[in-house]
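Structure incoming, see below.
Each chain carries a letter (A, B, C and D) given by its place in the written order, and its residues are counted from 1.
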Amino acid sequence: MLETRELSRSFGKLAALSNVSFVVNKGEVFGIAGPNGAGKSTLFNVITGNYTPTSGKTFFNGQDITGRKPYQICQLGIGRTFQIPTTFHTLSVYDNIKVGSTFGGQTTHPPEEILEFLNISHLSSLPAKNLDLYSTKLTMLGAVLATNCQLLMLDEPMAGFSIVEINQFIDVLKKINKDWGVTIVIIEHLLDILIGLTARMLILSNGSLLYLGPSSEVTKDRKVVEVYIGAAHKEEFHVES
Amino acid sequence: MESFINAIVSGLISGSLYAAMALGLTIIYGISRIFNFGHGVIALIGAYTAWIFVQNSKIADMSLLLGILVTIAFLFLLGFLLYRYAMNPLMKKPNWDISTVLFMLGLGILLENVILQIFGPRVKSIPVFKEGYIRIGVVQINWHEIIIIFIVIIAIILLNVFFKRTRIGQAMRAVAQSIPGAQVVGIDIEKIFSYTFGLAFVVTGISGILLGTKYYMNPHIGWEWMVKGFVIVSFGGLGSTNGAIYAAIILGVVEALATLFLGAMWVWPIWFAIFMVVLLIRPQGILGGRA
Amino acid sequence: MLKVDAINGYYADLHVIKDLSLRIEKREVVALFGPNGHGKSTLLKLLCGLQHPRSGSVYFNSEEITAYPAHKIVELGIAYIPEERNLFGDMTVMENLNLGAYNKRAHGSISQNLEFVFEVFPRLLERKNQLTSTLSGGESRMVAVARGLMSEPSLLMVDEPSIGLSPSLRNSVFEALAKINREKGITLLIVEQEIRDALSMANRVYMIKKGQILFEKPAAEVDIDEIEKAYF
Amino acid sequence: MKKITSNWQTAFVTVIVIILAIYPMLGPSSYLKHLFILFFIWSVVANYWNLLNGYVGINSLGNIGFLAIGGYTSGILSLRFGLSPLITIPIGGLVTGLLVTLFLGFPALRLSGIYIALLTLIFADTLPSILTQTRDITGGGMGLHEIPPFFPGMEKVHAYYICFLFFLIAMLILYKVIHSKTGLAFVAMRDSESLANTLGINRYQERLKVFAISSFMTGIAGGFYVHSLGDISPTTLSIEPFLLGLAMIELGGIGTFYGPILGAGAIVFGNEFLRLAGTLRLALLGALICGVILFYPGGIMQLVEELGKRIKVMLNRKKVTE
């Protein structure tokens, strides 16, 4: 469904992303992880048209979408959320979602349906600035879902959540994936959550691909452990201590 | 041919005056990202303050020097206090860019009309520094204009030394390049912004004095000076000091040539056309890289 | 030397630091570990005055500095080296270093500090007249650390000194930090993803998760499994 | 609760509209009618200016220029070619909209923040020199005089009602624009540009639309201005009208619907009192703008809202005690 070919992006001399290629299949939940500054958000921004890649291409349903503007990407059926909880703070929850259903593309979901689906109908008339973190993020998610995206890209959607909220949110994601058949790409720091949620994942380090494969095997990968723990000689270290 | 060369020379003279005038605007923008829409009236305050000291003497003498010193002190204080008590609180609000613009517009008109109240609508001018002229080949230049160019060059050199060598000048450049970086090394950025306004107002005021000796002045002329300054700094690249100097000289020569070949009424439309073309092709100006 | 008492801090609208307390003793090297996005960088920004806690207090040498602006904190002797480096790109290495000594406290010792900095990073001496925007990532990192040292700090807080560096450069940066502590007696607070390197030079470790201290231990007693568990 | 306040609002607005409709029948002086005409036209100008600066964040400083283009176009067509204002006013609006969108909209809206302010200001500043060079058509520095009224034999009271009607329609259109798809897009972009783009909003296209609407309507207002007052000259482009417009928006409450109307009222009628201050009038206006921005950025609307809240609290307390 989504394919990147040797995607690169640099800022001045700094290569934030170099030659990243991967494929996301229709219907799957795909994970992206990596340390700070590894290029995860840059990867999202390049795919969704916020940045143009320095080189490389992106394909969506076989169509080359490299260099399209964010609003065009949206209308093609790719939705995304932001790491920082972002809503239209002066608008009500209903109107926030209405923006998505008004501008999202040819077929969109009416706001009522989204409110119902996310279980936030009771918040409908509340201004978004009065929401707590969890509802803020649900509202952002709702606005994106209203565009009727086939592919949903989530940038650390659970940052700042409590354990309970994380579990609730995971249920919501599963429902979106199963009931609506939306393909999901998710960035998450906590590997255990990602392992539980996804079948396959990609790990970035210093802008390049470190690991791409089944989520269940990621903790067995030596390079991943190195990057995440920084213990290049894990065994040695055990001896020392 | 003779008139052509003379036009070029007079273009260079007015260009250097325009450069002086644009400097204050570009210093403030380059360091604080505030666009001073009250720029013209600050130049005017400089000119009128100096005029107070010389109105009774025929040729400028010590009283002009004293006038300039008082003007410098007064404008520095004005800029410093203005930043501290008006710009600083506005800078902390989300739509600071447009609110500072509108505030300075309002203030500019307030001050313009205060000047009108004090000095009346009649045209005034500051006496020239030195009467007479010299002749080089076909070119005839007034001593006064030579002195103006000399002052402008000295001012530009002094400013360069200030920004390169002094502690505060370096801090100003640092703030312009990275505000968090400046904070991390212990620079009090609010203080530096206040000094920046003080310095820029002084430079602007001096340019006003020079303009007042070359052209006539009335309480409303500041507006015209300012709009010309806007075109210059946009052409040169917002915030770029060197860009402003080159742009001012180019536009000064263009003005002189347009006056010679097409007539004075075409000057402004040509400036506007240049402004539009620059904005369309290279919005960051000829030298600006960080706009 | 530094005492943090139940502070709460925010990043945008996220409550990232929750009732967090910690202390740092003189001449110590303290390492701060924790997963990304759990408040490490925000904590450092709160301590150096770039951001301010909404509640709680911070004491430095028993002076309360909670509400002090950044420049005042630098003057007291706390230097912060941000992960983003924030160098002055249109200035030379030398100008950057001189600005590091901007605060009054550092004036007297500019030449000694310069000497020390060039001894620690000989590379910078070669590049002293180069604009910092033209430096490589490793060199920029060195300038950032060196600029921090120029402020004559008694406490140096470094955010991810090794990020984006090759192993050999990483080593030289850590060696330099160790030298700073050993020879100049500067207290260090290091936030790091490279746990092994940081652990080898630290006296004490704080593990931070979800904006709170998960545990605090002498470095010698730290079990790598514990840290790994907290990360995953 | 929300229903009740909006009902109150509707009732209040209806009463004001009825009062304005009956007012001329009470036989006010011709001068007062003149002031009301100015008020109606300025309300439209200020509100469509606020549409750009307050709602959309396009920092236009050229709206008085739009007014002048519309006014001159309509004035010239009716004066020199004898066309009916019924035709010339819409033509004036169209010419303004086209000229401004072509020469300012396309380039300016690609630029950001301060450049738009610069470009629009310098554009408006260029117009007077164009006027002096086209003296044969535009009357140069003297301007146009004895521009035909809306219909032969028009009296002040007719002009009053025509401008009142124009004011009502313009406000209705503005209300529709604000509450349309485009309006929603703008509130969204103001709150978060990046999220708005991510949800499919085409920033450039929406901005161009609103820029065209604002310049078209301001051009129309220029037509109503010349045909009710009978003349226009380059003084329209001087600093004073510019300042008045800005003061209306700031004083009334930038980014609000009713604010610029209240601001227009306060300035048009207050300006008459300010005439007592003589030449200091403009200085006072400048000070007013500075003061409002610095100390009370919400303007009159903020005051109204705060009063409304207080009244609500008082009413609630009454209910509790009862």
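The rule is simple: contacts are C-beta pairs under 8 Å (C-beta built on N, C-alpha and C of every residue); 3 or more make two chains touch, one makes a residue touch a chain.
Being a predicted model, the structure only gives us computed values, none of them experimental.
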{"item": "Length of the shortest touching-chain route, subunit C through to subunit D", "value": "2"}
{"item": "Between subunit A and subunit C, the fewest steps along chains that touch one another", "value": "1"}
{"item": "Farthest-lying chain, centroid of Cα atoms versus that of subunit B", "value": "A"}
{"item": "Rounded Å distance, subunit A centre to subunit D centre (Cα mean)", "value": "44"}
{"item": "Inter-chain centre distance, subunit A versus subunit B - centres from mean C-alpha coordinates, in Å", "value": "50"}
{"item": "Subunit B and subunit D: spacing of chain centres that average the CA atoms, whole Å", "value": "33"}
{"item": "Chains that touch, pairwise", "value": "A-C, A-D, B-C, B-D"}
{"item": "Residues of subunit C defined as touching subunit B within the complex", "value": "48-50, 69-71, 74-75, 79-82, 84-91, 95, 98-100, 102-103, 147-148, 150-151"}
{"item": "Subunit B to subunit C touching residues, read off their complex", "value": "167, 170-171, 173-174, 177-178, 180-189"}
{"item": "Residues on subunit C engaged by subunit A in the complex (per definition of touch)", "value": "12-16, 35-37, 83, 133, 136-137, 160, 163-164, 192-198, 220, 222-224, 227-228, 231-232"}
{"item": "Subunit A-touching residues of subunit D, taken from the complex the two chains share", "value": "2, 181, 184-185, 187-188, 190-192, 194-203"}
{"item": "Interface residues, subunit A side, partner subunit C - complex", "value": "12-14, 35-37, 84-85, 133, 136, 156, 159-160, 189-192, 206, 219, 228-234, 237-238, 241"}
